[in-house]
Each structure stands twice: as structure tokens, then as C-alpha cells.
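Below are two complexes that have chain A in common, paired first with chain B and then with chain C.
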Partner chain A sequence: MTHVSDAIGRVEAARRAQMRRTGWKTLLFGGALAVLIGLSLHQGEVSWTKFITGLPRFGAYIIRILPDLSFATLGADLQGWMWNLPNWLKLLFDTVLIAFVSTVMGAIIAFFLSFPAARNMGFGRVSTQLARRFFEFLRTVPELVFALLFVFAFGLGPMAGVLAITLHTAGVLGKMMSEINETITDRSLEGVIAAGASRDRVIRLGVVPQVAPAFVSYILLRFEINVRSASVIGLVGAGGIGQELMFVINQFIYRDISAILALLIVTVAIVDIVSETIRHRIIASEVSHASATPSAH
Partner chain B sequence: MLEITALSRTYGNVRALEAVSLSVAPGEFVGVIGRSGAGKSTLLRLINRLVEPSSGEISFNGETVSALSGRELRDWRRRCAMIFQQFNLIDRLSVLDNVLVGRVAMLPRWRSWTMAWPVADRVVAIEALERLGISEHALKRADQLSGGQQQRVAIARALVQEPQLILADEPVASLDPHSTRTVMDSLARINREDGLTVLCNLHHLDLAREYCRRVIGVAAGRVVFDGPIEALDAATIRMIYGEDEA
Partner chain C sequence: MLPQRQAHIEAFASRHPGTVYPLAGPLWTRRLFWSGFLICFFAASIHLGLSFERFWRGLGDLGVIMRQMWPPTHHGFWREYIGALGETLAMAFLGTLAASLISLPLGFLGARNVVKSWPIHFGLRRALDVVRGVDTLVWALIFVSVVGLGPFAGILAIALNDTGVLAKIYAEAIENIDRRSSEAVRAAGGTEADVARLAIFPQVFPVLIANSLYFFEANTRSATILGVVGAGGIGYFLADRIRVNAWSDVAFIILLILPTVAVIDILSRWLRGLAQGRQRNAVMR
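Coming up: the complex of A and B.
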């Protein structure tokens, strides 16, 4: 039994040494995190008293924008609340379209640039760095700033919104897609390279089938986010429901504010449900491939 | 005593396993043989309850384990340790932590979340690794080990579960001949020294001949042979493996 207790002593000693090596790093990291949190609370003027004294005012605004709905005259009350429904629905439809078009265009840009941006695709360091910095630039500039620039250049309307969201989407999706590309295994690529395929065909036949489900999942998620972005971006005059929302907020038309917000919530929920369904279909088809041979090992 | 009665599993309209009945006495080393897709994996997965039975019953020492749920089900899983063809280790954890995964069902939840394993459990894990001759790799990441070493880590994980039954699903199908021998010898030794019941799926008849006294032949989801290895004649082998491979 002595060699067993030798082994225990040896492994335990090595484990202690390893923990000593990583221990101070953990401590340093934890300390730095605590300092950063403290600093940001201080700089951001986060104060509990302010939060608690402000809460009633928050509630008051909500109560002010709520419509008067009574059960007895519900139909008429709803009609009064949603008096501008056709116009709002058209604007909402515009908003979803802005989100859709810009998601598609942003995804296309991201897709093609995500391969040079990945380190394992053999494009060389220069093009990898260029693609990555380009994505970074697109991500860093806020959508609202892009939108303001485009409103200045192309005038008020949806076009400015579409362009702004497209660029931001390309930046975010490009980073995600290139990182997904870096997770794939080189082994399966060798199979395609060894058959004499050029690099683009290695990507098409070896990489794309592996990354496609993750790509689709992220694109759908981005579409949901873009519906929200598209309604906010209207605030600077870049089309859609946001432009109307800004107008009623500025004019203190309280009941219209709640009507538009309610419609927005419903729209976003519908978009969520639809894209969730699509995503599940995709995942389900993956699973059914895997279980096609149920009783094999 | 493991007793299986009229156990069936269907996937859609594919019958993976149909009306299987068998019993295994404590301390037996049973080989389950058959072609790929015959239902061997499904049988082992049903016993561990990784797959739910469509009908039939599994009982162990008189306790019906096919109806367990929640904590009792998890304790049953601890008692019948699985060993997989692809080892199923967590690549990014150390070998030692992988072995300690075998203790999860016995330790409080916060121990798992913090991975602050008690000394006593670490000692058990290192002993298991030492027994399988790989304690010098204890602190390496699991994916740095060779296939044969990884499978021995998986056996160590199974051992620290303190199981009553070991279910090995093609444990050597992805290993070279030398590693195959080490892994099968380890299983045989555990069976001999600890008296643990072992149910082992095997592709190859030669391995079954060498290590198992009793074999169960599975073909198209049914048990077509159950008896001592010596009783396997050419006709039975043809029935298990099909004409073309006989």
C-alpha cells in the first residue's frame, strides 16, 4: 500500500503547488474586479437613496400614460386608445422591414468577411487584422451616431435607419461568426484540402456545413435585437415607429405613448415567437440527424 | 441480481429493442455481442436510464429501478456506472476533476459548484487513478492523454462512484490493440478483485471469448443467444452476425 500513499502525497503536493501558482492571480483578479465595481458605482453616481426616492415618480409617469379602460365600455375605450391604429401598424410594419433588410444585408457582409477575420482559415495576419479592425470600428460607433450621419447625408426616413443598423449588425455578427469559424476542427478540413480543393471551396464544403446552424441562430437573435434597435433609431428621424414615438413623447400625448409602447411590445413578442420557432426547427433537424441511427453505439 | 423483464424500446417505428428478458447474477462478467445497430447500446443505456423504456421492467435486488425518478434515479445511476466508447470525459477539466465527477451524487451541491472536493474524496480518486496506473497524469487536462489513458480515467470515474454494476458500452472500439488489452484487463481485474458485476458490449467475438464466461447475443433488437461462451456454435454466430460476416 506504500506506493498508493506515495501517489497520494505526490499528487496532493503537485496540486498545492499548482494552486499556489494560480491562487495569487485569482486574488488579484478578484481585487481588481472589486475596485472596478466600486469606482463605477462612484463615478456613475449610483445612489440607493436617489433610487428609492425616484421610484414613486417613475410609477407616476406610468400611471399618467395608462389609458382609462373600464370593463363596461371596453370596446369603445380600446377604440379610443388605439384611435390611430392603421397608421401605427403601418409604421410598425416599416420598423420590422427596416430590421429585416438591415439584418439580411449586415449578415451578408459579416458572412463573407468572417472567413478572413478567423485566424485558422489561412488568410494571413494582415487580412485577419484588417477584417477584425473593420468589424471593431462598425461595432464601436453607436447606431444612433451612424443614423445621425446618414440622416444628415440622405435626409429623414427609413434609408438612414437601414444603413445605420446594417453597419452595426455587420460588426457584431462578423465578430461572432469569425469566432465560430475558429472553433471548427482542422481534421475535417484536411479531408477537403487533401482532395485538392481551393481555399474558397474548402470554406464552402468544409467550414460552412459545420458553422451554419450557429450562424443562423445568431442571425435570428440579431433580427430580434434589430427590431428593438429599429424602433429606437426612429428617435433621430430615421423612419419607423420611433419617429412617431418621439413626436408623442415630446408633445406630452400621454395616452398615445402607452398605445405605441403596447403595440411595440406585442410586435417584439411576435418576432421573438416566430424566430424561436425557426431556431427550434433548425436545432430539431440537427438532432434528428444525430438520432437517425438510434441503436448504434 | 439484475433482472430485466420484457424490456422494449422503440424510436418512432424503429424497434431498437424488443421484449428482452434476462438476469445477471452478482459478480458475473457478461459480454453482449452483436452487429452495430443490433440494440446493444440501447440495452445498456436503458439499464442506466439514459434512455427510457417504452415498456417492460428493470429491477435490481428486488427494487424496480425502471420506475425511479429524481434523487432515487440519480442514486441508481451512481450505482450502475457507465463507461462509453468515446470515453465522454470533460476535455477542459483535469484528470483528477474528471474522476471526482464520479462523486457528484454523494457530495453536497456547493462542492460541485466550487469544485472544492473534500480531501477524503480526493484520496479516493487518486487511489483509483493509481490502481489504473495513471496517477502521474492526475493534474493534466483530460484531452492531453491518449485514448487508452482517457478510457482508464473513465474507468476510475466509474470506480469512485462505488457502483454495484459496471456498464461498458464498446469500451475498446476506438482503441489500438495494446490499449485494448490494458482497458479490458482493468475491467477484468475490477470484476475479480471487487466482485463488481460487469456488462460489456463488444463488437469482436475474440475479445468476448477471452474475457467473458457468459455472452448474450443480440440481433435486430432481440436476444438470440444467452449462455456460456463455449456453447456458441457456428450457426448461432451466423444468426448473431448475419450470413455475410460468418
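Coming up: the complex of A and C.
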């Protein structure tokens, strides 16, 4: 038994030594964290009284927005809960359309600028940097800020929302697409270049076929995110279901809040499932295509 | 192109259909798809009331705004703006911290290999789906009407929405851990609590840190706009200055937000690298 306790003793000693070595680091880190938390609590105006009084009120709020559904009268209850269903469905339809149109427009902008933004396309350092900084700017400004500005310039309604989401989408997709462009293999390009093609032909025939599946997959992923964005863009008056949601929350129409939220969650889930199915199919066909290529040689 | 070369290509095309020119079948499928897509796109645009005429008119207004934005000024409110920016960062920090702390036990409860009874993790995961399905801004709107205006509503909104996402990520990370170390602890006579503390926690800790930092980064962005609905931070001033058409102030605020977000991005990336570096060293040893 002695050798076992020996081993334990050695492990414990090594552990103590390590603790001694890294102890001051942990202390420093913990101290910095404590200071940050203290500062944030002060800045964030957090207090226990607020928290203690706020939590039960939130619980009461949730209970109040839940619909009265009993199993015996389920049909009538549902009808009463979803009394404004046609109008809400129309607004949800608008929301999905806002996401669709702005994803397409954003993807078009991102597509054409992603080639100059990629380092390996031979567009020169200046245009690459310009395109990248442009994408970065579009990405960093929050959609809602664009929406606030555009509501002022283009008036209330979906147009402001579509343009705001378009710009943000262009920024995000542009970055991703240019990164995909930088990962392509040169071998298939060489064939096109050797045939004497100009640069736009090389991109059209050599680059695009390689990157298209990844592009489509990212565009679909962005569409899913944009449906969510389109649902909140209405909070500043830029169209979609958000405006109605803001109205019922601010007017304390409790049952309608849960009804709209439930419809919204279902809509987002449906869009996610459909888009995910398409994405997986694209990825699967890509994989089978890639594995088929070597045998064709 | 030389005629004989053209003839050569034509001969090749007839011998190997589908190589030089696309086959009729796929060609028509593609044409049909794209025309259908375009019809959908234009129908949707018309339905939403988009028009070039409105676009050009709005662009003119936007130009007027842009001209009034320069030069960005603060009209003596810079102290308030900086304070609100600090409030924004505090909201993002506390919201992420609270979400991380709440998500950790929820992650354990939601993991299939820790809690064996399926109703618990199924119910928990559906509840998390609902919490996650409602946007932070909508939660903020709800919390403003529950706890009143101010940054506290924003912190709660960020904490709640992030709990929905982080708990799911943690649960999946816990499900994907190496099971051998859990078995080792159990073989040495450890209880389930010991397994969680000594085998599972050290494995998921790097995932936890990396995700929390990543969320802090994202939350800094979303916290800048929560003020639009009255939930504290710089967004309040931004929405207010837009409402009263003080465009040079708007430009000043946007120029404050952009570098702050960039600095937080860099800081978080650096800390993430640090955490991952430690992880790699631990594996090497």
C-alpha cells in the first residue's frame, strides 16, 4: 500500500506547486473581474430591491400573457386567442417577404463585391482594401440604426426595413463570400486561364462553379437570420410584424402578446426547417459530387 | 473562330452530349427555376411597396441627412454619451455573465448523458427554444413594461435570451465530451457530483469561456440598440437625436459606437486566443 500513498503524495505535491505558480495570476484575474463586475453593477443601475421586486412581476406578466386554454372548449378558446389571425398572418407573410427580398438584394451586392474583396483575384491591393472596409462598415452599423435613418428618409413601411437589412446582409455575406473565394484551388483555374480567358471569364467559368454551393448555403443561413431581424425591424416602424408586437406590448393587450409571439416562433421554426433541409441537400450533393470526381479521372 | 475548329467542336458535342452544350432537360429546369425565382422576387417587391421612384426620392433625403451629419458634434453632451456607452458595455457584460452562470447548471440538466430521464431534458430544451425564439429586443420591450425604463431591463433581456442559446450550446458540449474520464472517476469511487466536477467540468470549461466571450462581443452590438425601446445604453440617445433631427449628434454617436465595438472585438478575440492557448498547453502536458 505504501507505493500507492506515495503516488498520491507526489500528485498532491505537484498540484500544490502548480497552484503556487499560477496563484498570483488567478488572484489578479479574479481581482480584475471583481472590479469589472462592481463597475458594471454601478453603471447598470442594478440593485437587489429592483431584482427582488422585478422577478415576481415578471412571473406575473408571463402568467398574464398565457392564453386560457381548457381541453373541453379548446376550439372556441383557440379562436378567441387567435381572434386577429388573418391580419397577423398577413403581417408575418410581409415579414418573411422582407427577409426574402433583402437577402436577395444583399446577396447580389455581396456577390459582385466579394471578388475584388478577395486577395487572390488579382484586383490590386487598393480595391481589395476598399471593398473590405466597405463590408466592415456595413457589418458594424447595427441594422436597427440603418432602419431608424431609413424610416426618416424613405418613410414608414417595409421599404426602410428592406434597405436596412439589405445593407447589413451585404456586409456579412460579402465578408464570408470573399473568404470562400480565397480558399479555391488553382488547378481548375489554370485550365480556364490557359484557354486565354479574360479575368471576368476566369471568374465566371473557373471561380463561380467552385464557390456557388457554399455561397448558396451561406445565403440560406442568412435568410434564416434575416427573418428574425425582419420581425424586430418593425419596432422602429420599418414594416412587418414588429410594429403590431410593439403596439400590443406597449398597450398591455396581454393575450395578443402571447398569440403573436407563438405565431412568430412557429414561423421562424418553419423557415429554419425548410432552409436547413435545402442546405443539407446542397451539402450532401456537394459531398457526393466531390467523391465522384476522382473516379472520373 | 476557325470553321474547321468549330466543326471539330460540333463533332465532339454530338459524340458527348451534355459536355459542350447543356442538355435540354437540365437547361429548361434551370431556366424555369430562375424565371420562377425572378417572378417571386418582383412580386414580393411590388407587394412590399418598393419602387425606384420612392428609392430616388428617399436617396435625396438621405443625402440631405448625410450633409447635415458633417461635422459630427456633441453639443456639450459628450459626458452623457460616454456615460451611456459605458452603460451599454456594463449591460452587455452583466447580461453575458448572468447568462453564463445560469446556463451552466441548465446545460448539465439538458445533457442526455448527465440527466437520464428524457422528460426533464426534453421539456427544458423546448422551454429554451421558446426563450431563444423571442428576440433580445422583444424581451427588452417586455422587461421595460415589467421593471420600468433603464439599463436593468436591458440586462435582463440579454441574460434571458442568451441563456436560451448558451444552455443549448453547453448541453451539446457536455454530450460530446470524452466519456473515458467520467468512467475513470466513477471507477475510483466518485459520486455523480464528483463526475460532474472532476470529469465533465474541466472538459467543457474552455468551450464555456470561448462562447461567453463570443457572446459578450455579440451582446455589445445588440446592447447599443436596446436603448431604442428604452432599455438603457447609448441607443436611447441615438433614437432620441434621430427623432429631433440632430444629425450631427447622430454622426457623433455612431462614430463613438463603431470603434468601441471594434475594440471589444479585438479584446475578446485576444482573450479567446489566450483561453484556447491554455487549453492546448494542457493537452500537450
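Going forward, the second predicted complex is superposed on the first by the 227 of 297 C-alpha atoms of A that agree within 3 Å, B and C clash if a C-alpha of one lies under 4 Å from a C-alpha of the other, contacts with A are read in each partner's own complex, and residues count from 1 in each chain.
Definition applied: a residue touches a chain if its C-beta (ideal position, glycine included) is under 8 Å from a C-beta of that chain, and two chains touch if they have at least 3 such contacts.
Bear in mind the structure is a predicted one, so any value in this text is a computation, not a measurement.
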Inquiry  = Contact-wise, after the overlay, does A:18 reach chain B, chain C, both or neither (first, second, both, neither)?
reply    = first
Request  = Kindly classify A:145 by the partners it touches after superposition: chain B alone (first), chain C alone (second), both, or neither?
outcome  = second
Touching partner for A:155 - first (chain B), second (chain C), both, neither = second
Request  = Would you sort A:231 into first (chain B), second (chain C), both or neither based on which partner it touches?
outcome  = second
Request  = Figure out whether A:69 sits in contact with chain B (first) or chain C (second), or with both, or with neither.
outcome  = neither
Query = Which partner does A:46 reach: the first (chain B), the second (chain C), both, or neither?
reply = second
Query = Touching A:273 in the superposition: chain B (first), chain C (second), both, neither?
reply = neither
Query = Looking at chain A, does chain B or chain C touch a larger number of its residues?
reply = C
Message = I'd like to know which partner A:97 touches here: chain B for first, chain C for second, both or neither.
response = second
Query = Which residues of chain A are in contact with chain B in one complex and with chain C in the other?
reply = none
Note = Per the touch rule above, chain A residues touching chain C in the complex are 36-37, 39-46, 50-51, 53-54, 57-58, 61, 94, 97-98, 100-101, 104, 137, 140-142, 144-145, 148-150, 152-155, 157-159, 162, 228, 231-232, 235-236, 239, 245-246, 249-250, 252, 257, 261, 264-265, 268-269
Ask   = Once bound in the complex, which stretches of chain A touch chain B?
value = 3-4, 7-8, 10-12, 14-15, 18, 291, 293-297
Inquiry  = Under the definition above, what is the set of chain C residues touching chain A in their complex?
reply    = 40-41, 44-45, 47-50, 54-55, 58-59, 61-62, 65, 83, 86-87, 89-91, 93-94, 97, 129-130, 133-135, 137-138, 141-143, 145-147, 150-152, 155-156, 221-222, 224-225, 228-229, 232, 235, 238-239, 242, 245, 250, 254, 257-258, 261-262
Task = Would you pull the chain B residues touching chain A in the complex into a rising list?
result = 11, 14, 16-17, 36-42, 85, 96, 122-123, 126-127, 129-131, 135-136, 138-139, 169-170, 173, 201, 221
